[in-house]
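Next, two complexes with chain A in common: one pairs it with chain B, the other with chain C.
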Partner chain A sequence: MNSLVILNSVIDEIGSALLFFVNILKTLMRRPCSRDELFQQIWKVTMQSLVTTGLAGFFVGAIMAVQFTLQMREFGALGYLGGLATSATVREVGPLLIAFMLAGKVGAFTSAELGTMRVTEQLDAIRCLGADPLQEIILPRFLAIICASFFLLGLGLVMSIGGGILLGGLLAQVSVEEYLRHIPAIVTLSSIANGLVKCFIFAVILATVCTYKGYTTTGGAKGVGLAVVNTAVSTMVGIVVADWLTSFIADVAIRAFVGSPF
Partner chain B sequence: MIKGYAVLDFVGKSVMDSYQGVTQFIQLVVDSLAEGFRPPLRIRETVQQLYFIAVQSLPIILFCVCFAAMVTILESSFHMKLVIQNDSMVPGFAAMLILRELGAVVTALLVTSRVGAGIAAEVGTMKITEQIDALRMLGIRPIHYIVVPRLIASVIGLAILTIIANLVCLFVAFLVSEIYLGFTSGLFITGLVRFIHFQDLVFSIIKGACFGFVIPLVSCHFGFLCASGAEGVGLATTRSVVASSVIIIILDFVLSFVFSFFS
Partner chain C sequence: MALSVLELKNVTVRFNQVGAKGTSTDQEILKDLSLTIVKGERVAIVGPSGLGKSTLLKTLAGLIRPTVGTLWVEGQNFYNLSSSQQQRLLVKMGMLFQRNALFDSMKNGENVRFPLKETTHKSAIEIEAIVDQFLAAVGLLHAKDLYPDEISGGMQKRLGIARAMALEPEILFYDDPTAGLDPITSRKIIELMINLQKQKQSTLVVVTNDMNRAFQVADRIFFVFKKDILSTGSPEETRKCADPRVQQFIHGRPEGPLTEVSA
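Right after this comes the complex of A and B.
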């Protein structure tokens, strides 16, 4: 009985988040937000998480280099280290990492901000003034998170290549030229497309969840705290599930259209 | 001229702030280690925290780790076919990646976002409602009462969670490789035995325990520093989650690097 109630509330929550998403899209089609506000938000989001993303990207690149060194050593294929580590980062780890970092930083910040606005009735005040809070407040933040995640993805990838080069040199004695040489051969266009699509989907999920949780906050200061924690947890679950879905669909699509992967 | 001063001012202030933060954090670590060995052992508190940290996080961790394992084995199959045109080693490699990185890190990141945020919010609220001062007035040492039970519970809890996450991860990878990628169970287990040693599991548990050491300390640090007001609590929560995530990734790299010399 208890688990049924929980399941029911989870389905309820997912459904209303989807409706909220559709509402945002409708607003986007009909009444786009002001350009100034959008650029301001993009700048804010990007600058907020620049250092964190760069730092995390650097160390993730280093971790990938260490792990692939251990695996490739068995085959004596250390020359492929750079290509493989970069390919794994572009396809999989990079988008996932950016999404996790943004969920902790921007997602929590946005839902706390919107939740405080909701609790102190600022959103109602905006509606009283004849403006649409969805258009004025939510839409710029929603679009800014999606745009900024691409910039941050680029930064994270560059930093991860830097970390990989450093550790490849230290641990596996792979020179910079050798590290970089195999990257164009192994990182194909489809890998980059895969990474970009993943990044976009994660950003949409993050933006939807954090604006939805902030917008529907109830119950004073404690409610805001609860909304922030809920945002972080449900974003991470959503991102992991979406990650699996996109990998799976890409795999099935490749098998269906090309026959075998290669 | 004035602009130049502003930049200098900003740089100096942020350097001083971060220096102060780091010293306070180190002080907190040393204090809680010292307090940890002092007599009144708060077993009840510790067990309560263990329930909150480990048992209540278990479903969400298992759910996420299952999907992460599926992605890992699909992606490593893709890369193996790409480079050596042969994916017979995939089970072994995927299992190695799961044991060395995935199990511990994904668990720790999820616990950070759930438990770390919870602890920071709780301690921050205690701080701004002056409950910590009240504790001190009653002659109870706040670090001994608040930090130590959470620290012990988190170290034990994350070590156990890491073991469970690793086993479930391996099992899901096994299922996917048998049903979807067409390996027989014998091939998978042979790969496992060939590539994985007992020390991998031990390293993974050590990693989990180290992450468990970091999470409550960072959260309590930001909770104790919490500025007054509802916004202060929100800010403390966000900062603690971000700082723990970054520290976990850096620590993961350091530990991987150290462990790579033992295998």
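Right after this comes the complex of A and C.
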């Protein structure tokens, strides 16, 4: 009985979050948000995560280089180290890493900020002053998270190449030139498209969940705390499930229309 | 006959509450309640804490949708209107929240500027002049560039009033405007509210627990008891009201019919 109640509430939450997402889209179609506010939010989200994303990107690149070095040394194929490590980062690890970083920093921050605005009646006040909270508050944050994800993905990838080059040079004595040589050949357009699509989907999940959880917060400080925790958990689970789904769909699509995924 | 600006017809408000074990129950706050407020009237809603005064106010302001029943604003069924039509009516309303609901990330001046910037087509110079005018009216012009958490509770109330008044609304809702304030500041705030109301000929709906302030502000007083409302008329008629619940509340007696309800 208890598990039925939990299942029911999970389905209820997913349905409500989807309806919230549709409302955001409707608001976007009706009237776009203020450009100033949007740029301000993009700047805020990007700056909040710049250092952590850059650092994480650098070390992911380094980890990939170490892992691939161990495997590829056996086959005498160290020349392909840069191409393979970068391809894996572009296709999979980069978007996932950016999404997790943003979920931890921006997702938690946004749901706490909106939750506090909800419990202190600031969102009600906006409505009472004749403005639409979805338009004024939610939409700029939602769009900013999506836009900033792409900037941060780019930064993370550049830093990961840096990390890969450093470790590739130290561990496998692969020169910078050699590391970079096979990247254009192995990192194909479909790999980049795959990474961008994943980045977009993860960002939409994160933006929807954190704004929804913040917007629907109830119950004071405890409610805000719960909203933050729920945002973190729901986003992580949502991103992992979406990653599996997109990998599966992308694999099927690429095999059907292009041939080899590389 | 006076024009009705706000009307609740057979309104019931229920909230869904989720228990510790995940089970949800409906809690009924207001039941089959009807109420009419006419243009230019000053109404006070009083009653024991936790029995639905703020819920009633938010229902009147279109912030809480009744589970059953209808809200009529200026003769129009509010929830039958499109969202843009609702927005147009909401611009005619202003509200001071119980805990002020000031935008804490904005400076005091920006708090008052917000509704003007979002809902009018006035130029920046015109908006600035209006902001200064309302801040001066509540005695806060000197605190324009401070943040809400840098001013006292009384000043925050006044700032909330200035923000609620900025669009010169025709209907003003005040949720416990004197909560936590000393009697002198409370009296000054009420005087400020009445002066602004007289200048603009607006309709005033005030929720309060303080009977002295209710007598000071209201033309008509409503008591909210368990899920229901009782109109006791003018302050004079309210003082003479024979209902033992009203008398217990006015005189603050610990024993009486209300004690059982509010305990």
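As a working rule, the second predicted complex is superposed on the first by the 257 of 262 C-alpha atoms of A that agree within 3 Å, B and C clash if a C-alpha of one lies under 4 Å from a C-alpha of the other, contacts with A are read in each partner's own complex, and residues count from 1 in each chain.
One rule holds for everything that comes next: a residue touches a chain if its C-beta (ideal position, glycine included) is under 8 Å from a C-beta of that chain, and two chains touch if they have at least 3 such contacts.
The shown structure was predicted, so the numbers you read here are calculated from the model rather than taken from an experiment.
Enquirer: Contact-wise, after the overlay, does A:N2 reach chain B, chain C, both or neither (first, second, both, neither)?
Expert: Second partner only.
Enquirer: May I ask you to decide whether A:F59 touches chain B, chain C, both, or neither, giving the answer as first, second, both or neither?
Expert: The answer is first: A:F59 touches chain B but not chain C.
Enquirer: Quick one: classify A:Q122 as touching chain B (first), chain C (second), both or neither.
Expert: Second partner only, chain C.
Enquirer: Between chain B and chain C, whom does A:L180 touch in the aligned arrangement: first, second, both, or neither?
Expert: Neither partner.
Enquirer: Between chain B (first) and chain C (second), which, if any, makes contact with A:V224: first, second, both or neither?
Expert: First partner only.
Enquirer: Looking at A:L50, would you say it contacts chain B, chain C, both, or neither? Reply first, second, both or neither.
Expert: Touch partners of A:L50: none, neither chain B nor chain C.
Enquirer: Please work out whether A:V197 is in contact with chain B alone, chain C alone, both, or neither, and reply first, second, both or neither.
Expert: neither
Enquirer: In the overlay, answer first, second, both or neither for which of chain B and chain C A:A112 touches.
Expert: first
Enquirer: Does chain A have more residues touched by chain B or by chain C?
Expert: B
Enquirer: Please identify the positions on chain A that touch both chain B and chain C, taking each partner from its own complex.
Expert: In chain A, no position sits in both the chain B and chain C interfaces.
Enquirer: Chain A touches which residues of chain C in the complex?
Expert: Chain C reaches chain A through residues 18, 21-23, 58, 61, 63, 83, 87-88, 90-91, 93-95, 97-99, 101-104, 114-115, 118-119, 163-164, 166-167, 173.
Enquirer: Hey, which residues of chain A end up touching chain C in the complex?
Expert: Answer in residue numbers: 2, 5-6, 9, 120-122, 124-132, 136.
Enquirer: What does chain A use to touch chain B in their complex?
Expert: 52, 55-56, 59-60, 62-63, 66-67, 69-71, 75, 77, 80, 83-84, 87-88, 91-92, 100-101, 103-105, 108-109, 112, 116, 167, 171, 186, 220-221, 224-225, 228-229, 232-233, 236-237, 240-241, 243-244, 247-248, 251, 261-262
Enquirer: Considering the complex alone, what residue numbers of chain B touch chain A?
Expert: Residue list for chain B touching chain A: 60, 63-64, 67-68, 70-71, 74-75, 78-79, 81-85, 93, 96-97, 100-101, 109-110, 112-114, 117-118, 121, 125, 230-231, 233-235, 237-238, 241-242, 245-246, 249-250, 252-253, 256-257, 260, 263.
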